[in-house]
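This is the structure I want to talk about, given as structure tokens.
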């Protein structure tokens, strides 16, 4: 494992949702990714680039094109994309179909990081590891697993990411 | 990434320390690894095997031999060992020198999981990922990185795991 | 301070909101009050009575009448009501105007208990104390203070509870 | 309830213990009381005065004399003392016997605030409330209750504070 540096592209999603005290609703204030890396005592060379802070249900084709462009333009060979879970598989397909000579891993969370029970730290740790260890390609890292971009879907009734044809 | 199942060998360490309310000190009650996998919404096939629950400063040669024997005896090809950080590099050397035909990843935490700011979830997510993605060998996964068993040490003044010869 | 037992009437509010993983929104599952009392190592004799689990913006006149009836019907002389903050002052007025021979304290939270940063534990501890120590009357206990039912309002722009005429 | 301001005298105790990452033990870094007041959205006028940061088992007669002197010298009529639980009853007796014309409430925690499951926020909320609502005297506020300085002891086997003669 060399000292390869990594880029984390932030798009928002449950990962980064905060609670708005005065309005009693969830919203985006700023990304929590740097704080999560600090909590994880992460010492990998990482550049965090916030692209957008949106719910993935609101992500447009133009947004996905922007994510792909950021992957293409990054000088790093290894990239993690934080993303809402609802349409993560769609963005994975857009990025994966481009067949860049990079290792790109999308990840997210079912529970906001600011809630104590978040799966975000677990997933972020996994995504950074997969991004360092896997060959070029585009993957989704959720639930401790890593699935290829053309063989992943979120099971809407369980919230679990699984291979497209089932298991 | 196939559906390979994994074994997690628990040895204790900071990971699993609890606070003893009546005595005001840290102690081991039981491993938190299953709860951490649940929080992480982990869906990898995992067997958790508690070997011991001790501070790694108290780990003896006999204990390390037991860890090695458990690695050797496991039917799984992919193994994660949770371990105190103080002597993790010693156990990595004992296991690594045996050159088993398995992928074995040691991990741990600087802060007990029961403290809110724990790096445990982040490290466990990373260790499970490295164990799935890396070729046979023995590794230490800490601080978001993965280092080979014969090239890792804990820097006592910073608490960071780094290559033996520095970087 | 005698061993007077207390009744906690639960109506919902931010206090009790949970995060719905599959739908990505806040909702009510069940009250967290018993768990909060356990965390607080509370040893006061307390009966927890869930009346409803609603957002206080949805509370109707009939709901408030039900809260008042529960206060009137309770065998305990000391009562805490957990309540959403948006209309807490309205319910306080309905209950307070009845001039029951009881000490009744309404409290709530700006942040759900399931979020790490909740003010709920702090407020619940305060409300139980005020309910034990104050003479008969109806009060709102928020922000570490206790204000009379006829002299309290929530400042919508700051989220702080203050005397009606300002300070 | 008027706008009486309060003084919080900090002496340390479990309340304020932190985890030392490099040494794997509990220690005192700085008091968490201001952060706890912020989390509790406390709007009572409070002055926080750190007197010492020690384990209450190490508290000497000289230390207790210093606590009493601080109570006597404070311009505020209402005082909360944060204190380790092991010898809280001893300090309560020293302060209580002085019969100052003030309301003085000692409180503490069984679990450090930095652990998620802390009873500290609950107790602090209660202590501030009792300090505002009770007549002059010295009290111990723990477990949701408030006991007089001459009738309180910590049950060493349960960790619960109870009246001296039992209940």
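By written order: A, B, C and D. Residues from 1 in each chain.
In this text, a contact is a pair of C-beta atoms (placed from the backbone, for glycine too) under 8 Å apart; a residue touches a chain by one contact, two chains touch by 3 or more.
Source: prediction; values computed, not measured.
Asks: Which chain's C-alpha centroid is most distant from that of subunit A?
Replies: D
Asks: As a quick test, compute the distance in whole Å between the mean CA positions of subunit A and subunit C.
Replies: Once rounded, the distance between the two centres reads 39 Å.
Asks: What's the distance between the Cα centroids of subunit B and subunit C, rounded to whole Å?
Replies: For subunit B versus subunit C, the centre distance works out to 45 Å.
Asks: Give me the residues of subunit A that touch two or more other chains.
Replies: As it turns out, subunit A has residues touching two or more other chains at 110, 116-117, 159.
Asks: Which chains touch which?
Replies: A-B, A-C, B-D, C-D
Asks: Quick check: in the complex, which residue numbers of subunit B touch subunit A?
Replies: Of all residues in subunit B, those touching subunit A are 1, 3, 36-37, 39-44, 46, 110, 116-119, 121-130, 132-134, 139, 141-148, 159-162, 167.
Asks: Using the touch rule from the top, collect the residues of subunit C that touch subunit A in their complex.
Replies: The contact residues of subunit C facing subunit A are 14, 19, 21-22, 24-26, 55, 86, 110-112, 114-117, 156-157, 159.
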